[in-house]
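Sharing a structure, written as structure tokens. Questions coming.
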Amino acid sequence: MTTNRLEAFSDGVIAIIVTIMVLELHSPARADWPSLLKVAPALLSYGLSFLIVAIMWVNHHHLIHVAHKVTAGLLWSNLNLLFWMSLVPFVTDFVGKNYREPMAVALYGLALFFCSCAFYLLRKELMRQAGTDSKLVDYPAGMQRKNAMSAALYFSAAPLAYATVYASFFIFALIPAMYFLPEKKLATQQQG
Amino acid sequence: MTTNRLEAFSDGVIAIIVTIMVLELHSPARADWPSLLKVAPALLSYGLSFLIVAIMWVNHHHLIHVAHKVTAGLLWSNLNLLFWMSLVPFVTDFVGKNYREPMAVALYGLALFFCSCAFYLLRKELMRQAGTDSKLVDYPAGMQRKNAMSAALYFSAAPLAYATVYASFFIFALIPAMYFLPEKKLATQQQG
Amino acid sequence: MTTNRLEAFSDGVIAIIVTIMVLELHSPARADWPSLLKVAPALLSYGLSFLIVAIMWVNHHHLIHVAHKVTAGLLWSNLNLLFWMSLVPFVTDFVGKNYREPMAVALYGLALFFCSCAFYLLRKELMRQAGTDSKLVDYPAGMQRKNAMSAALYFSAAPLAYATVYASFFIFALIPAMYFLPEKKLATQQQG
Amino acid sequence: MTTNRLEAFSDGVIAIIVTIMVLELHSPARADWPSLLKVAPALLSYGLSFLIVAIMWVNHHHLIHVAHKVTAGLLWSNLNLLFWMSLVPFVTDFVGKNYREPMAVALYGLALFFCSCAFYLLRKELMRQAGTDSKLVDYPAGMQRKNAMSAALYFSAAPLAYATVYASFFIFALIPAMYFLPEKKLATQQQG
């Protein structure tokens, strides 16, 4: 298997994950404002999850791009990541229906925590594969610190939800913002 | 990331968007004409949305084809477009179930308006990237005017729905017709 | 746009069509034989549609392979075909739930008739594009006759369903059998 | 048709199969532990099926990689495999809802048995195609034995479920473990 094929399959799965979430947005049966307002939390949680999965997709490409060959370790680290990402539609639907319930918010945080952990393992696998190739080591090492931080934040969002769900939502909004900016910088560097 | 990969991922998402809408066409439980007539508006709104998304797909290709490199601006303009396009199945289902309700029709118009705006931003990003490359500037400039016009029409369809939904539906049918013809001309030119 | 991209997008849509039909197979809530027997018609209609769509996919590849360039005519003939194919999950679900109702069976036949017509138009477009290229003309001409015949058979299945649905089901099973064998011969020739 | 296209289409179908299963994980309407515990069997059966389909995907690649040309036999052996794999979401949902019912567990086992048989036929087709190419014959022959063994185990899981479903679940967990390890060894060899 080539890294191209791994990338194409992952792209397929991520494209489906990001799109099927919209199937869980059941449009209200009646067209009035109260009915539409009832689906607003589901729409917002969909928007947030779309953003988070989109960022994961971008990061995933930067990662797989670094890979030379598809080892069993890489293959299964990647499938492990796809598994946790595939749970995002489930927890998105759950939190959209129960956005004031600490348990739903905590579960959303935990699912994203496991995605972060899976990214951490995938990156570790790639760094191990890269060995002493200095050009590759520096970039992932910086990313790895940021990855560990966001994993810790997602993890902390779970117990925080039992204090107030707004603190957890603040974290869920903060992490995309945190990732977004440096990704921009990186892309700009790649042009130069 | 290469423009090929961006195109392939976008293709995947658009292929899913265009196809999952059919999942929201719940076939009637009983096989008689009154039951089938009840799903007719859903079928018609599906047909219209299929056409609109197909046109967007064609336009998207002509656009991405122009891109040289995947900058962060291009990447996120594209993901922004895919987000708004991913809402099309939701509003299609909504208008299919409530085709006489101004609010549902207005929401359908607004979703398409945001898609048009996202196209506008994506094209602007590409023109900025192309810089002074004269061959590229002329084509998008003409498209950009048409794009702005269709965005304005979609936007006007929202308040119009509160006067009569038929005016809005006329606009929804007019814009594909408007796009369809020139695309044909363009494709003919490309052959020559 | 290249024919590769057209093929990849069509592949994506057809892969989704063939797979999402399984989502409409709602597994029975209780695990006993009467409940399972109730979904048996849905399973059978799924199997039939899977076979029919798989054959369409194979034929589609042989067709697109012949194309030199993506003209507007080819693009929209292809999108027209994908539209009618995308209705197959809807009529499959409908006939699975109402397999003894002439109307559901007739509708299934009509949807496949429109798919056949779309194939006819697509092949006509390709033959027009091929012009006087003799190697290409012979193969599609033979296919075109078979295509017209199967379209006529699907069309006749609709009124026949009102006499007896079994005659229609016989036709639905006959056409895949008819297509299947020559495809095998063709593939054997391509090896030689 | 090239083997690349066959692989890409199969990838698309498998990516959809593996991802749409999550759509059948209906998130509980209320956010409390008893509601979440009710979906736990569905989550576990999803996890198991994800792993099984992922392994099938990996094996599928190793297989198709060996193919030289797309013959009708290969094409239809592959489509046959995709058909049985496409039933996995259906039986996963069924067993998730009825994990203590022998019939649901037996059906899950039977579906996987048919997938194994389809793999067997596909590998046989490839070995026939490879003919006397010694390098190719050794690897599939070893796999073929393992394949036949797992097919037999899946088949035995069906009657075993009527004794105790736990024995069947033990088999369902054992086979992925059995496949997982050698795949790792194989991938390591390919690196060397």
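Order of writing sets the labels: A, B, C and D. Residues in every chain begin at 1.
Here, a contact is a pair of C-beta atoms (placed from the backbone, for glycine too) under 8 Å apart; a residue touches a chain by one contact, two chains touch by 3 or more.
Quantities reported herein were computed from a predicted structural model and do not represent experimental measurements.
Between chain C and chain D, two chains of identical sequence, the interface residue sets overlap only in part, with shared numbers making up under half of the total. Computed from the mean C-alpha positions, the centre of chain B lies at a distance of 38 Å from the centre of chain D. Chain D has its Cα centroid 27 Å from the Cα centroid of chain A. The residues of chain C that reach two or more other chains are 8, 12, 16, 20, 23, listed in rising order. Chain contacts here close into one cycle, and each chain has exactly two touching partners.
Pairs of chains meeting the touch criterion: A-B, A-D, B-C, C-D. Only residues 1, 5, 8-9, 12-13, 16-17, 20, 23-24, 69-72, 75, 79, 82-83, 86-87, 89-91, 93-94, 97-98, 101-104, 107 of chain B touch chain A when the two sit together in their complex. Interface of chain B with chain C (complex): residues 7-8, 11-12, 14-16, 18-20, 22-23, 25, 27-33, 36, 47, 50, 54, 57-58, 61-62, 65, 183-184, 186-188, 191.
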